[in-house]
Every structure is written in structure tokens, then in C-alpha cells.
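Listed below are the structures to be examined.
The two complexes that follow have chain A in common; it is paired with chain B in the first and with chain C in the second.
Entry: the complex of A and B
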């Protein structure tokens, strides 16, 4: 006996249990009785194409236990639209559910659908920031944020300030760096200049350099710097002076950033007669500053036509 | 690496094969605990993990009896959709109440179909009950105008994210059922159309990120799982560019557009960071950064982090370590893979990253020994068998399986050699040409 079978409101529904087809089904789960019952009512309702208020409740119960059920989410959306429900209420329910199942993809897709239909993103950026308190790198949430930006045109200063706020919390949050890249460069297809604009480029270079100053051994701003110069078509060598503040072949014992050394290796390699210096930088990485990647540094040398100086580096796969 | 390996092989953590077999036998023969209820709609991929793990451990033909294997095959076919393709589990099949009107709520599912076919291959089924024509007719309908694939098609709408997991599974289905034959194919007297390979390649190109990795969509953060799925899908359709110039003369569209950037990004995924609670800030302490220097503020900080916090500069830059031995040789008993920049290692990325490097034909670019030590010494569960996500975690099916798969890439005693692109044993992969021969299709490679 359970919640649905005892409820007179559901007396007209004959539950439809799942048929596993035979003995020894694979990956069978020790379901609770509650789940089995909810599922068999859900199946009966879907088989009958019923779109009603009681169905909304049923989907809530089911989603709570199995948020990965791919057709129940679609069924719920169809029911909501069919009944012309207040979608603000749906968002409120989603807020709670999202906090419980924040790694679930379907929840974000559903939210997307609802907010798109509402054609209004009021409160959404605040909600997203609340989600980041729990996990500042949640992939679904960042994807959703990007969608909000594009759908509702939130490109300008506020969104930049948001990335700055996130990076003040954690300057190593690569998701926040990626979001900043999107804000600056995400409209090039629509003709809005990104790193190609000189003023903008200077602002972004300064921003990333400042972050390196705080945490030299943080790959995110280094990647950001490299991407700016590559995208803008500026020579990599324009970063040489800056990189040398953090790594220098003249002071091999006081390298402050392995990423600066990696960058210098690339800069040297582009210089006339700079290959040997590039090789030295790569050797230093392999021997001392980033030995876990010693095979990779040896590969980089081989790409330059230089022989590997650490023969033990290349091990069998 | 210097200290650990010089002390001899006895110091190297080993695969506790008996416990892994025990773990997977339990997964096969008893009900999965109720915590898996939230994965009820993912059962076919859980089934694949179980079957494939037993295969990698070499016990798929001894742990289940012949009759039980027949039952398992029958269950997979029970999930087959009447029009071709498979469902994730029987939960959407309305049985006697199925009708034209409710058929939309019982769609075939792209990942379910890939995992069903892969599991049938592992179980040495003859594929005679696979609705091959229906499946291959359905496949192009699962592709959107932009080239991406979805998960299901409900009421004429392709549902599910645009991400390359579906592209990987869709191209994998195509690979199993028609090799790399492109264009229309004659099956059972009917001409069956192909997917749009070029537009899929374009999709991957658009998802290449500014730092070399690949994301699910343009401008999203690159991620090792999506990178693997993208590269694996390109390999399935023979459009993968590895940067060795062998393909560069080809007139067809290939991806990634910058293979060496992808390789570099992948090489950077290996990391000594292992403690998810430590907060990555503690790993490298800037001289002027005092706020994070008090270990008491961070209860979960790991061993290395603590040591580094005592120093004002990163520990591997202090004078005592300037003789060519890094602190990591002395202290770290392994280095796993992270899924994104500045994240800690996680067992599953040993597979996603390792297999990606294998696909890019650079299998030696990571430190296999350090990776084995991370998994066998830290995330292998000493009592239950299997692997957890992070050190000390209880095992789960996904990490338990992908841990074994990662070891299968690295050459590990007791684990079959893995075919990285398909995430199953090379032995099973080599049975595919027999099927292709029967269907009169071939691998164009």
C-alpha cells in the first residue's frame, strides 16, 4: 500500500508496472516500494496521455527520485504548457530541485525551456550566482549563464563585473575566465569586436597580467594572455618581457611560474637562432619545474627538431 | 619516478584483481543498491560498464554461466525499440498498453543504442536480432540542422543537449553497423541514407576553445569528457586530424583544426592535485598572499598543500630541490588526470584524457607510471574493490569501470588491452570486421 494506491484521487488509474522481459535483467536496482509505485502510476498516465494537475504532482515525485528520466521532463513541460500554468511557480519549484540535483542536466534544460517561454530573465542571474556558492565550477550552471547572456543580451558591464567578482573569490576558477572570454569575444560573428579592438585588448591584457601578478603559478590567466595575442594576430613575442618577470634562463633557480617558462620556450622557438634557448627552457621544465610532463617537454623539443636530452623521459606506453 | 621506483617494484601499488572481480560479480548478480535509483534511466550504460568490466578482467565467460549470458542478451533485446534503436531500460515500454498515441513517450535513445550494441559485441552475440535497417534509418533523423546529435526524438523534435556525447554515441552506432562506409547503403532491398558527416565535423570545430581543449559548444569551457567524445566521434567517421600531416592533403573536412593545441591541453591535464576539499588556492602560495597561508582555515588540505604553505614560494622551487629531483618525486605517490584547467584529479579522467591522447597518436605523452600509482594507490578501494572518484571514496560503476579502462590503456597486468576510441577491449573491437563482412560493409581505413 502506498501514497497513490491509497488515494481515492487516483482510484481510476490502473498502475502499469515495468516488465523486465525475463530472468537476469542487467543493472537491476533495489528500488524502494515508493519508487516502484510512483513509476507504475507514471507509466499508466503517460500511456493514457493524461495532462492534468495531478500529473504535475506525480512528475515531481518521480523526478525527485529519478531526475535523469528523460521523457518525464518532456512530459511535465507538455503538461505545464497544456494547462497554461504559471511558469513563475515552476521556476520556484525548480529552484529547490536544482539545489538538490545540481549536477543533473535535464533540470537546466527544463529551466531553459521555461525561461525562454517566459521571455523574461528577472532573478535568473541572481539565482545562478546563488548556485555558484555551492559549486563555482558547475558546468551546467555556466552553460546556462552563457545562454542567458545570449538570449537576453546581457553582454555589457554588469557581466564583466560578475566575472571580476567570481575571480576575486577564486582567481583560479577557469570557468570564470572562460566566461570572461565569452563576454569579450562571443559576438564577433555579429560584428562586435573582441580582442581585435585595441582598447579592449589592452584592458584584457592588463586584467590577466594583474591576475598573474597575484598567482604566477595559475594557468588560467596565462592561457588567456596567449589566446588574446593569437586571436588578435599580435606576435607572441609581445609577451616576452612580461614572461621574463616570472622565468628567466639566466636565473634557472628562481623560476616563479612554469607557465611563463613554457611561454618563453614558444617565444624563443620563433626567434632567429632561438631554438637552443627554447630547448633549455623545455629541459628546465622537464628536470625541475614540471617533471610530471617530462615526456611532453621531450615531445616539444622533438617538434623543434631538437634531440631529447633526457633519454629516460620517453617510456613505453 | 626517481625515489619510488628505485626502491623496487614491491613499492608499486598493484591491481587487486580478485577484489575487482568480486565487486563486478556483485554488480552483475545482485541488485544495485537503491542509491542507483536516480540512474534508473541510465541502465543500459550501467549494464555496459558491468559487462565490459568483466570482459576487461577476463571473466565474462566464467562469472555468468552460458544461460545467464543468454538472459543478459535477451534483456538487451527486450530494450530494443520496435522501429530500431534501443531504450535505456524497459521503463518507457508500455507493453500491452502501447499504442500509436503514446508511442512518442517511448523513443529510442542514442546512448542506449550505442551501449546496447557494444554490450552485444562483448557478449559475442551474432547481432541477428538487431533491427539494423530501422536503426540506421533512425540515425540521420537524430541529427539537427547544425550537425549535432540529440538523445531522443519526441514528436518530431530532437531532444537532449547539443553536446558531443550524443555525437560520439551516434557515430559509434554508425561505425558498428556500417563501418566507415559513407553515403546511401542498400539494406534489405532499401536504400538507407547516411548522417551528414561534414556538418558534424563543423560542430566540433566550433567547439574548440581558446586554450586548446574542446567543449560541448562554442565558447563553453573545454572539458576532457567532451574532448574525448569529439575526438572519438571524429575517429569513428574517419575525420580525425592528429597533426602528423598524413591527412592534411585530404580534401574532406577534418577536426580538430589545431591538433597540437589539443595535444598540449591534454598533456596539461595530468596533475598532482588530488584533494577535492583542499581548495586549489593552497597548492601554489604566492609570497604576498597571506590569507590562505593558515592551514587551520582549510581542514581538508592535502599533504603537498600543507608543505607548500610553509614555504613562501612554491616548494618545488626552493633550494633543497634544485638538484633535479622535484618535491613530487619525494612526496607524491601518483598523478591522475583532471577534466578541466585548475581542477583536481578524478579517476574517470584517467580514461577520458588517456584515451584522447591515444586517439591523437601520442600515447606516451603522459606519465603512465604516475597515473597507475594514483589509481592503484589512491582511488582503488582496498576492501570493496572497484575505484572511487577521489581518494578514499567508495567505488561506483562509472569510476570503477573507467578506472579499469584507463589501466587497460596503460598496459597493466591483469587488464585486457583497451581500444581507447571505443572504450572496450581490443579483443572485442577485433570481432567487428566479422559482422561487417556479413553485412557486406567494410572499414574504409
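Entry: the complex of A and C
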């Protein structure tokens, strides 16, 4: 006998035990009695389309045992809305659960549904930031944060400062770079054209260049720089002087960043008569600075119509 | 990891993973002249190992070590340190070596590891109660990649999934659970692998898929759940393998938005998932992630020939650049995101992108020129480095076998399956037949995904990759990630399309 079968509150429900499909199910889970019983009652209430307080308790029990149970989460949300429950209370309960199950996806989708319905995001950005203390790259949490920004129009508030804070903590956190890009460009989808005037461009270029200065072999700000010039419609060559601080064909022995060399190769390729120089940069990457990607560098040469060279030849030159 | 939802990376990790078991470096890494900071791998110089590939030589490893440490760089350094002794052959964990000096693929042990969960799972696996179909797929498909016979599981799997199939169509994670694209995909592929497709109610599936198709062109994972690129790939896999009509069912809510076909606005929606970094994210504006790149590319390869649909909807040069940088130095495996750690599962999610991208880049032009597009030299990526990472770092030593994310992680079915399919992607050659037809005239079925050919690693390939015949994994279909034979069976079985007429409904 278990918690539910002994409870008079549940006496009217005929539990639906697990159908294993046959006598020898594959990868059958030896459920604990508690889990099996709770799921049996869950199946029964779902089959009866029951939305009630006792269903909320049941879902809470199940989520506690299996937080990845998407069916139970979705049914809980339906029940809460059906009963017109106090969603603030739900958020409080969620806060505890989220901290226990950091990487769980369902919890964030559920939070999304609740906060959307509440139509109020008070305290949300603070809570999200708290989540980042433990895992600053949690994909679901960053996705949720983006949703908050869009849903509640937080573009102009403190999001930019927030990304700066996160990147001060870890300048290699690519999720934070992605969020920054979203804050600067995300409104395009809503018809607000990203205003890439000179001021904004300079601000963002300086921000990324400063990060490169600290960590030249950090791919995130290099990706960001390339994206700015492409989106703002500025020639790639505008980054040449900057890239040459970290890689130069004149000083092939003291390249400080493979990403700078890669960028230079693209810049040379766009220059008139620059193909050979581009080829040299790509050879240098293949032979010395990034040999794990030697096939890719050779492919890039072939795109320029250049023959591939042997590593020996490059080193000798 | 993305496609499995929270199943593999979250629940299993949290519940079942041991504390990290970091393999200590020998205590001689105090020679730090090269960079001025202690760096994993410095000890290798002393041993004078010259047979190592260039990216594992000290001169390369010591490059570019920025002094400015952060949480990310510390994690990256720690991972390099735990992998280097294995990569360089200092610690082979007692696994017998092949004649090129790499550990053999422990076929028997990995097979036994994959058979085990199918026998039954202890109570803590209740945490995977919503993702059990993945276990069916990882285990049966993984076994088939090792050329193990899995036909003995046919009847039992067909029985087991019957309560997972809902009357409204599709499969949930368990009895009484909502139909879900990921559960449906995993169940479908497992059934195809063991030859049990008859259990699927195709007509109901068609109706259900009509309820998750969205007006913007994408697919939700379940009714009321998130819309992301996994949904698109999973749904199109079901539609194509089962030869469901491409027309939306009449009861599909999306029809109200003016859509008439499952493929409407789909390519355009996938376009919006290409991020500023050039890679693909789960949904527009999210961070680039290797697993989503595979979902996007495979989905486009269902919609049409790779050299047509991929460049039509994606900026190929930027995508290639982004994916290339995910191959980590010095480990040689792939990371899922910029500045994140290598993980064996991306051997499939990113490693599996290359056959599709190479076909997109080559197209019919070079195929004609050279007769065949396949060449022993890989065109875009480093196959040799991936093979080395998987064989040296990701095999769990000992009789229980299994493959793992990285040396400090425990093996599991997810990493074993995708390590094996990643190995297959690196070892064998996959080419697209540009002359085959792309649509079935009678049923309208999209045929492009069936036009792939696999070619086993040649002697030359094997030598270049430092493997022997016994270390080579079976051919794995580059779009559907099951054996070619299983894909062919599904193609043949549903060639006539349509739905069976049930007696008494007339």
C-alpha cells in the first residue's frame, strides 16, 4: 500500500498501472513502488482530464522524482491556468526546484509559460543571473533570458551592462557574447533596423578589440568583430591594422593569434593582387599555427584558385 | 547533446556520474620555458616522441597560451591535461594496441555495454522515464554499427513501444506520456534498426505531425512545447522514412495560416537559425551549437540534394568556418560551442556534418571531373585527429567497455552510440549521387536522403588513420544515423505510400 492508495482523498480514482507492452519489455525500468504508484495516479487523472489541487500535488511529487518528465510539466501548467492559481507562488516553488536541477530544460519552458501568463517579469533577470553563478553557459537559461528581453522589451535597460559584467567574469564565455549580439541586433526581427551608425559601431568594435587585447587567442571576440563589419556593411579591410597587431606576414615567427592570421587571409584575398599573400597566411596556419585544421586551410587556398603547398616548402620559405 | 533534450547530459550526469576522475600528469611538467606558464604537455618534449602528428607536438601545443586565465581557460587546460597522456600514447589504459600504435576498438566490450541496458534498468533510471526511447535507439543502433545482430530484439521492441504510441499518433517517452518529436524519432530509428516498423500507425503519425507544424515553418517538439530545430529534423525524418504525404492533414491548425505542406517555409525557417558566428542555433538568435548544425543540415538533405538545398538556405562558407573551429586543439574531438570543452558525442553531431557539407561543396561539378568525389584525403576536416581522440581517450578500459565524453567521465549509451557513429563518419567515405531522382513521381516522397552511398575505408584510408580493419565501424547513413540496410528497408517497405484501408470504415 502506498501514499495515494491509502489516502481517502484519492479513493475515487482507479489508478492505471504501467503497461509494459508484454512480458519481456526492453530496457524496462525497475520503478520504485513510490514512482510506479504516483505515475499510475497521474495517468488516471490525465485520462479523466482532471484539473484540481490534488493534481498539483501529484505533479509536484513526480517532478521531484523525475524533473525531466515533460508530460507532467505540461499538465501542471494546464492545471495551474485552469484553476487560476496564484502564479507568484508557483514561481517561488520553481526557484527552489531550478536551483536543484540546474540543467533541466522543462523547468525553463514551464517558467516561460508562467511568467508569460503573469505578464510581469519582476525579479526574473536577477534570478537568472543567480543561476549563472553555478553555470555561466547554461543554454536553457540564456535562451530564457533572451525570451525575457524580447517579451518584456528589456533592450534599453541594463542588459548591455549585464553582458559586460558576465564578460568581465569570463571574457571567453561565448554565451555572453551571443547575448550581447542579441541585445544590439535582436530587434531587427521586430522590424527595428539595427542602427549601425558610427557611434554604435565604434562602441562595439572597441569592446571586442579590448577583449582581444586581453586574450588574443580567444575566438569569441574575433567572431564578434567579423560579424560587426559584415552587418554594418563596412569593408573587412577596416580590421587590417588591428589584425596585424597580432599576426603579420613580415614577422611569421611571432604570430600571437591564429584567428588574426585567418582574418588577414580573408582581408588579403579581397585586396587586388592579394591572393598570394592570402595563400601565405593560409600556409602559415597549416604549417605552423593551426596544423590540426590543415585540410581546411588547404580548402581555403583552393577556393582562391591557389595550389596547395607542402608543409616543408612553407617552413623552408 | 541538444537533441536528447535533458536526457543524456543532464539527468544521467547528475544522477549517475562519479566525481570527476582526473588523470594526473607525471610530475615533470615544470619545463615551462616555451610560454612562461605551466602547460599540459610540456613533459612530452623530454620523451622525444616524434611519430606524433604535428598538432600534438610540443611546438604546436605550446602556442598561444594567453596568460589571462578565466573559468573557461582553466577548464580547457584541465581537459587538455587529462587527454594528453592518452593522445600521446603515454597511457594506453591497458587497451591492446594496433600495429600503428593506437588502441584497438574494443568491439566486444562495447557491444556488451550496449546490450546491458536493454536487459533492464535499476530504479534510479526513473529519471530517464521520459526518454527511454533514446535507450532503444542508442543501444540497438550502436550495436548495429558494430555489426552485431539485433534482430532478436525485434518482437520485444515492437511489444515494448506499443503502449508508448498514442492514439492521436506519435510516440511519447513512456506509457501515458505525450507524443514528442524526439521520442518519436528515437523509437522510429530503433524500430527501423531491428526491422519492427510494422507497429507504427502511419496515418495517426501524419495527423499528429500536422499538429506540431508551425506557421513560421518550424516544428514544435510536442503540442504546447518548445519550437526548435530538432523538431524539424525529427519530423522530416519520420515523414520521409515512413513515406507520409507531404500535404498537411486537413485537420492541421497550420492550414489556417495558409500553409499546405510540411515543407512550407521550412528552409526559410532553418535560415533564421544561422547565427552571427556562422553556425546554427536551436532557434533564431540562440547561441551556435554543434548538435543543431547537424539537425539543420540533415533536415536540408531530406528536403533536397545537399549541393542545392544547403547553399540555398545557409551561408556555407561561414558555416564551415564555424564548424571547423569546433575541432579542439590538442584533443582532436569536437566541442559543441565556441570556447567549450571537447565531448565525444559531438563526434557525431559535428563529425556527422562533414559528409553533408563536403557533398554540398563538391556538387555535381567535380563528381563529373574526377569520376568520383570520394578521396582518401579528407577535404575539410581532420579525420585522423577525431579517430585518435575516440580510440585513445573515449574508450572505457576493462571488461565492461562503453565509450565516454572524455577520460574523466563515465561511459553511457548516448556517448557510446554517437562515438561509434562519429568513428564511422571519420573512417568511411560518404558520397551523394547527384544523378539520382529527388522525388518519387507516384507518391511525391522526397528521395534525396536515399541517394547516399557509403564506401568502406580502403587500405590507404586505414593506414592514414592509423587503424586496422577491426577498428573500423560499419557504414552509418549520414542523414538518418542508422545502418544503410535499415534505411533501404524503410524505403522499400513504404514505397507505395498511402494508408491501408481499415475494414469497416467505408
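Quick note on the criterion: the second predicted complex is superposed on the first by the 303 of 317 C-alpha atoms of A that agree within 3 Å, B and C clash if a C-alpha of one lies under 4 Å from a C-alpha of the other, contacts with A are read in each partner's own complex, and residues count from 1 in each chain.
Definition applied: contacts are C-beta pairs under 8 Å (C-beta built on N, C-alpha and C of every residue); 3 or more make two chains touch, one makes a residue touch a chain.
Model, not experiment: these values are computed from the prediction.
Annotation: superposed three-chain arrangement on chain A; chain B versus chain C shows a clash. Once the two complexes are overlaid on the shared chain, A:25 sits against chain B and chain C alike. Of the two partner chains, neither chain B nor chain C is touched by A:238. Using the contact criterion defined above for the overlaid structures, shared-chain residue A:49 touches chain B, although it does not reach chain C. Contact with both chain B and chain C is seen for A:181 once the two complexes are overlaid on the shared chain. With both structures placed on the common chain, the touch criterion links A:136 to chain C but leaves chain B unconnected. With both structures placed on the common chain, the touch criterion links A:254 to chain B but leaves chain C unconnected. Under the contact criterion defined above, the residues of chain A that touch both chain B in one complex and chain C in the other are 16, 18-22, 24-32, 35, 39, 43, 46-47, 65-71, 74, 101, 105, 109, 137, 139, 142-143, 146, 170, 172-175, 178, 181-182, 185-186, 214-220, 223-224, 227, 231, 256, 288-289, 291-296, 299, 303.
Contacts from chain A toward chain B in the complex involve residues 16, 18-32, 35, 39, 43-44, 46-49, 65-71, 74-75, 101, 105, 109, 137, 139, 142-143, 146, 170, 172-175, 178-179, 181-182, 185-186, 214-220, 223-224, 226-227, 231, 253-256, 287-289, 291-296, 299, 303, 314-317. Taken together, the chain C residues at the contact with chain A in this complex read 2, 5-7, 9-11, 13-14, 53-55, 60, 63-66, 68, 70-73, 117-123, 125-132, 135-136, 139, 153, 156-157, 159-164, 172-178, 180, 222, 224-226, 275-278, 282-289, 317, 320, 322, 324-325, 327, 329-330, 332, 337-340, 377-382, 385.
Note for the complex: chain A touches chain C at residues 16, 18-22, 24-32, 35, 39, 42-43, 46-47, 65-71, 74, 77-78, 101-106, 109, 136-137, 139, 142-143, 146, 169-175, 177-178, 181-182, 185-186, 189, 214-220, 223-224, 227, 231, 256-258, 288-296, 299, 303, 311. Chain B meets chain A in the complex at residues 1, 27-28, 31-34, 36-44, 46-47, 50-51, 64, 68, 71-72, 74-76, 78, 88-95, 97-99, 101-102, 105-107, 109, 119, 151-152, 154, 159-161, 209-211, 216-217, 219-223, 260, 264, 267-268, 270-272, 280-281, 283-284, 286, 288-289, 313-314, 316-317, 319, 321-322, 324, 326, 328-329, 335, 340-343, 358, 362-370, 397, 409-411.
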